[in-house]
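In what follows, chain A forms one complex with chain B and a second complex with chain C.
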Partner chain A sequence: MPTPTVPEFSKSVKLKYVKLGYQYLVNHILTFLLIPVMLSVALQLVHTSPDDLLALWNSLHFNLVHVACSLFLIVYIATFYFLSRPRTIYLVDYACFKPPCSLRVPFAMCLEHARIILSSQPKSVQFQLRILERSGLGEETALPPAIHYLPPEPNMAAAREEAEMVIFSAMDSLLKKTGLKPKDIDILIVNCSLFSPTPSLSAMVVNKYKLRSNIKSFNLAGMGCSAGLISIDLARDLLQVHPNSNAVIVSTEIITPNCYMGNQRSMLLPNCLFRMGGAAILLSNRWSDKRRAKFRLVHVVRTHKGAEDKAYKCVQQEEDPEGHVGISLSINLMAIAAEALKSNITTIGPLVLPASEQLLFLFALLRRKIFKKKTKAYVPDFKQAFEHFCIHAGGRAVIDELQKNLQLSAEHVEASRMTLHRFGNTSSSSLWYEMSYIEAKGRMKRGDRIWQIAFGSGFKCNSAVWKCNRTIKAPIDDGPWVDCIDRYPVYIPDVVKL
Partner chain B sequence: MAEVKSRVNVYSKLTVVSSRPIEPGKTHRLSGLDQSMGLHTLHTIFYYRVNPFPNSDLTNHRASLSEHLSSYPAVTGRLARAEDGEWVVKCNDAGVRTLRAKVVTTIDEWLRSARGSEELDLTAWEDMPDDPSIWSPFRIQINDFEGGGLAIGLSCTHMHADLTSLISLVKSWAELHRGEPISHPPVFHRQLSSNTNTKSTECYAKQSKAEPLPQVKMATATFRFSNSIIKQCLSQIHVTCPGATPFDALAALFWMRILKLKPPGNNHTRKLSICIDFRRRMNPPLPLGYFGNALHFSQLSLNALDGDILGHVAATRLVHLHVAEVREEEIWSTIDWFESNRGQSMPLFRMYGSELTCVSLEHTIDVLGGENGNNDTCQSLMYEVMFKNDERPVHVSCHVGNVEGEGLITILPSSEGGLGRTVMVTLPEEEIDKLCEDEAILGLEPTMIMNGRK
Partner chain C sequence: MVSSDEQPLVHDIRLSTVGPGRVTGQDVVHEPTNMDQAMKLHYLRGVYYFKSQAVQGLTTPNIKEPIFTWLNNFYHTCGRFRRAESGRPYIKCNDCGVRFIEAQCVKTLDEWLELEKDDGSLRRMLVSNQVVGPELFFSPLVLLQITWFKCGGMSMGLSWAHVLGDAFSAADFMNSLGQVMAGLKLAQPLKLAQSHISAKISPSPPKSKDPLSVKRVGPVGDHWIAANNSKMKAFSFNLTSTQISHFHTKVCGQIGTNQIPFFECLCAVIWKVVAKIRDGPEPKMVTITKNDPHGRKNGVLSNGQLISIVKADFSIMEANPKELAELVLNQAMDERSTIVEAMERDQGLSDFIVYGANLTFVDLEEADFYGLKLKAQKPAYVGYTIDGVGDNGVVLLLPGPNNGGKVVTLIMPEDQVLKLKFELKKEFSIA
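What follows is the complex of A and B.
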């Protein structure tokens, strides 16, 4: 959808200052209103003498009963207020899986394998070549071992091995970083969309780390690339109910069983973009974790457009005419994503936007409705609400679309683009690689607000808002970016010549 | 003849890439000498009694191989034709094909009973197609024997590397796998200079115009001569020819015996083409890690009558003097001849085999202690390839592909070390059988390895 064009005159410098003045005024309206009140009280105090004040005090007729009751009332109200507030959820730390270098998939190898395996279908090979050239991926993304074979051997044992490699590596890293003991984990949520064996992946984690027998474990499957934020939402709700607990979330996507072996174009895209990745996150509602936690969860907003048939069918896993199973992406995916995003923004806007932007939005809305002017909807300036944006690295098109719609600068989407380049589309864990990038660059300061947006099949658009709890100093010693952060950001051309 | 089922079963194939990406657009230029070797291929096999990779899972040695390949962009690249028609390697980071196979026998049984041609089952090879852009010029096959033995087979086009380069590639991989510093890091280019014509270039010019030879089925036999026997043999030779090396003695022996087996021809000279490595003969010397072809072929001839009378000692002397006489200018002039004649649509000729060729690997043997290898434990480059500490290969074979014509003799170091040598002979089938019965050779008590006979 085209961006709402700002009238030319407002680009001038004078109006910029007017705009700034307006924002300050509206956002701090209460402070501004308070100043005259305080001034008048101060004036009053200056005019009254100490004797008058003493007389005023005596006239209140305080005695012990009054004081005691007032005190109890205050304490009672305060307790009620504190207890009825939702618990604060802290993100203590998270760890991302770093694939070993030997599982790297350079473009030349991708194409060579495609040409050897699909030697009878040169058109499919050409199509994949064109996708790779424009994909925005780099030469260091990784695929699981089973896909490196000629021909690929995507059997269940290999899928389990990949799951073990990714999940256990991320978990080990998380346990080391946080000093968490496996027996202390109260809630475990594992989300992996396309691989769901029995016993589940969460059972696999419980078995490996010998977690407690009364652990609350959940396994979310089939929920697409936005399942990471769905897990966060679930953990948040559980942590409201269970006091003094922590939750471990493992977000991953297992690529091995989903290698598409056919030649339908709509199903070849995931082959070219999806790569190995995974993340493990530790959430807690304990007061003792407040000091060391990296982030605080502020909002989670979930939008599901599945009620519309078009949105429901746009990402579909099915068999092609030859019987190969693959994920088919419909041609109007970007349009549906934009719709879902608009829906999500409408809900999240009032929660995060400063009053100035909300007023502007309201005025624009009124102008459209009342005066029936055919102006485009005003897109609020989210850059005032957030310092950092983590857009799911679903593909170059997704990032371009969101950058355009939300009017973000290149620096805002840098984390997403660089994650796509270095790690590819790692599905639900890509948001965590992007957070890790921002931290590795030393841009994460205390008080910064971060917006994570993820899209998924269904069609869903989920958002999470975090607030940084403590400044994270770079350089950091571990993490997936530790050996390559100095090379980033890289310039990614529109088309890479292969 | 009944088709014998191969004892080697290949069950998986994948591509191993380097662990660090290569800058795009890099190419590796092949020298004139490299281009001239275009008809041939190289295959080496390293046998280990104990599998040095504990998990027997491809990922175990894949990690060290990936890391190692980062230093060899030319190995992971693909061949392409340049504008002037000659071959160039595009370093496009495509990787090396690696295969896994299982052998149904034990390693000892194999070493005793495999046929020479069967040994090539342990290496993977496909001939270069017309479009080599998706064809991997380097192939590695890891073979597991019953009872725990392992054979690593490497194949490559002779254009990319000679035997020394291939061995130093594997040795560096093994050193990286063990976590030790690499003793011969790769060097990819050398200086060229101009020089005059000498007799070697004349023979190449003649060969390039020679007619193609009739196709004859070749077979290979492997003889292992022990340290003590060679020592005894050399002590007799040193009376008249001090400084003779085991290569000289064995080359002369096999030459003389094969001459006797050849059908009696007309009165033309009998030639032996001797192939030596010129890395150490240059000034300044090329490092052993130089990756490319550094071979010099020179011809030793004698007419038919002489050939009959010449005794072993005299023949050894002849070979020794010839090898010692090869000068640097001669080497440079052949290099220049190849450089100047490259890309002129000169048909490739058979460097190995159109005349009886003998390959020396003496340069890979470090002579420690006294001059004639008094120290019996001196080792060679190929037997120092250890993936696990103190786990030396039990045998190393080297084959050259597309050897046609008179035949090839390769004199390799032996697992025993010291003066012991392994000789691999490729001849037309009937001549091999006769050679294995030859009395003069049997007089040196060779151990026959892989002679395919029960």
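What follows is the complex of A and C.
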């Protein structure tokens, strides 16, 4: 029946053009208002003669003092303005840890190991199998050497070895890419949530690379998967205070000490999803780095829902009744994540959305509040504010939920899904694998805006907005995707048959 | 087994799994041929001993890393068995991996080899004795054990499911590990061989006879090991080239142009000895397995060895060894097509044992066991045995560590071992 569809199609096309027209109008309202003003001034000038202009000038009774004071005032205001502006923070470059193929964990091996270790708990094995089948992970994700043993050997020495492998590899890669000398590092921030030895991991980095004795080093532990963006926020604040400095951030999660050996279902999920990964990032506020920097940091927005008990308890590390330590995820995790995201969007929206979207949101809000209409809350179209989205690859459910809530297309969430497939949930560093994916695909152009969203225990939702400083050409010659980018994107079935 | 100071001889055992470094892909399967299925109840257990000079500076991670590259070429050994709807087993190449066992030994290599001379069963501690089943889904087909000795020497124990290939293939498999560790690239994985014999099979009449060289057992279901009536024990002895030539001359007479090879002479002598010491009727049939050079392609694992049956219609105990040796050499009948037909008739669901169905002589002289080179040095010694052997026993002839030397390994019922040892010492004039 073609006739009904044609009006519908033309209606949708008409709507699209109406929308576009509205957006152009509102986003460039100042230009639209300015044009008639300028035209009228120009018209006036054309009509007045030069003599009239001179008479106008003389009537203002300017003398030297007036002129000098005005000039002085202008210079003073200009200086004050430039000095009080926040320093621009550049992301010079970053490097991700690429696990060797000898650490890969195919599904069949995962399952066989689970069957052998948990031979007395076939239900737990079945449960883990079901999670693996639907997880969205691929067959190349990596676990640390200690977890490959039957039974796993999660001792402290092995955890340190894993930390050294991941962190030093990412740091070496970063130093090589940027040409940075270890002695030039001014600020060092390391974030790793679940492994916090003494001396700290940041001390381990200082020791290995012989960093300066007056380095400002920080170690953030226990802050969950969103700690990467917390580190970025901290570095940004420090770089405001310290002129002409740079900061190295190492984001990682050490899996070795956190292998859960019990059978509580709420604690088995992390076993199936968390994998080895790490990233090292170089931030700088130096003018000289402006040219070669990849990105510029525009905003960081942090939202903490910990004041609510439900949110606070939703991701909890605890001992199960048998004494095994694991991370328990509550059943309403997705609902809490959605709430946290809504909070974060409410803050970040006004900062990034074009005026057209903000007006629409305001109208929708007014309609709901004043006229008490029970319409759904208007979700602003973030696709107009950003070209790329990096959603923390916490799990298939998280990505699906955000794709639905923000009305994103498959291409927008492709970086997140493919990172989950190739590397698994690498916690705080997953955002950097996703950025690397977008670069490897050659999609990162100068001026592109990127939104990184991370969720973490607490419950926190943190966002960072970057603007691409220079076009990054593919094919890139290093990075975690260099030998497999041609295989991606892959089709990930809903259920993988093992 | 515990030594006098209460610490186990082999301790600190750690298990892990190693697999191919590359993803094999979804839904890749490997179908064993009918010949492979006929051998499924047997397992090869080989131990390669390396002196400390050959492995100096090598650590377990140095061995584990290249394994991932090595197994890219043999991804089907990393799979697991499943059953098709017809019940026929096939391998799902799901990268599940090879089991890797690390262990430490309190003795030095030389001390250990001395201990083994007195008690051959000690070798069992250096290699896994796992079999396929009872859960096919979770049974590895290959297990590797690395044991470090106190002196720095090392042994590599290979536990190999015979369904994957014969001993010649297993030797090639291990040798390619040495090549990968030396940094050499292996040739691209070839298409795995389909036995050329099975290709010629036409549907045979239902009343065909069963092959004489195999025995039907079971059904064993998913636990692929046949039960024995008596416990089997293995023992071996080394032969120097001098002993070999003495023995050869003794059995075959003068060294002439039409000399009977050593293997056949050995078969004849041991056949007579077994006939002498065994209670009940003497064995009138023996199975011979040998290498078939035409059936093997480089780099491809298969069960291509020649399996033949020798029937004697005269008394073994009274026979002349030379006559018996000539019989073995000339009257062996190739049974492979019969075995394949029998398996084909049952659509791959029968359970056979080949080794030990009759007294079996296995000629492994051409197996390149000493081709596994670490740091360009070959092993100090290589010993192989077979598990899942039937009650009639098996005799293996392996190459020795030095030129001209050989190793004879016998797997016989426990109660016959002492008598055999006594008789064989007499035959070979060894102390």
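As a convention for this text, the second predicted complex is superposed on the first by the 464 of 498 C-alpha atoms of A that agree within 3 Å, B and C clash if a C-alpha of one lies under 4 Å from a C-alpha of the other, contacts with A are read in each partner's own complex, and residues count from 1 in each chain.
Quick note on the criterion: contacts are C-beta pairs under 8 Å (C-beta built on N, C-alpha and C of every residue); 3 or more make two chains touch, one makes a residue touch a chain.
Only a predicted model underlies this, so the values are computations on that prediction, with no experimental measurement involved.
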item	value
Fit or clash between chain C and chain B when superposed on chain A	clash
Which superposed partner A:Gly447 touches (first chain B, second chain C, both, neither)	neither
Contacts of A:Pro350 with chain B and chain C, given as first, second, both or neither	neither
Chain B versus chain C as contact partner of A:Ile116, first or second or both or neither	both
Which superposed partner A:Gly306 touches (first chain B, second chain C, both, neither)	neither
Which of chain B and chain C A:Glu140 touches, first, second, both or neither	both
Chain A positions touched by chain B in one structure and by chain C in the second	100-102, 104, 106-109, 112-113, 115-116, 138-140, 148-150, 153
Complex contacts: residues of chain C adjacent to chain A	14-19, 21-23, 26, 64-65, 67-68, 80, 94-97, 135, 138
Complex interface listing, chain B residues touching chain A	12-21, 58-59, 62-63, 65-67, 78, 92-95, 97, 134
Interface residues, chain A side, partner chain C - complex	100-102, 104, 106-109, 112-113, 115-116, 138-140, 148-150, 153, 496, 498
Touch list for chain A against partner chain B, complex	100-102, 104-109, 111-113, 115-116, 138-140, 145, 148-150, 153
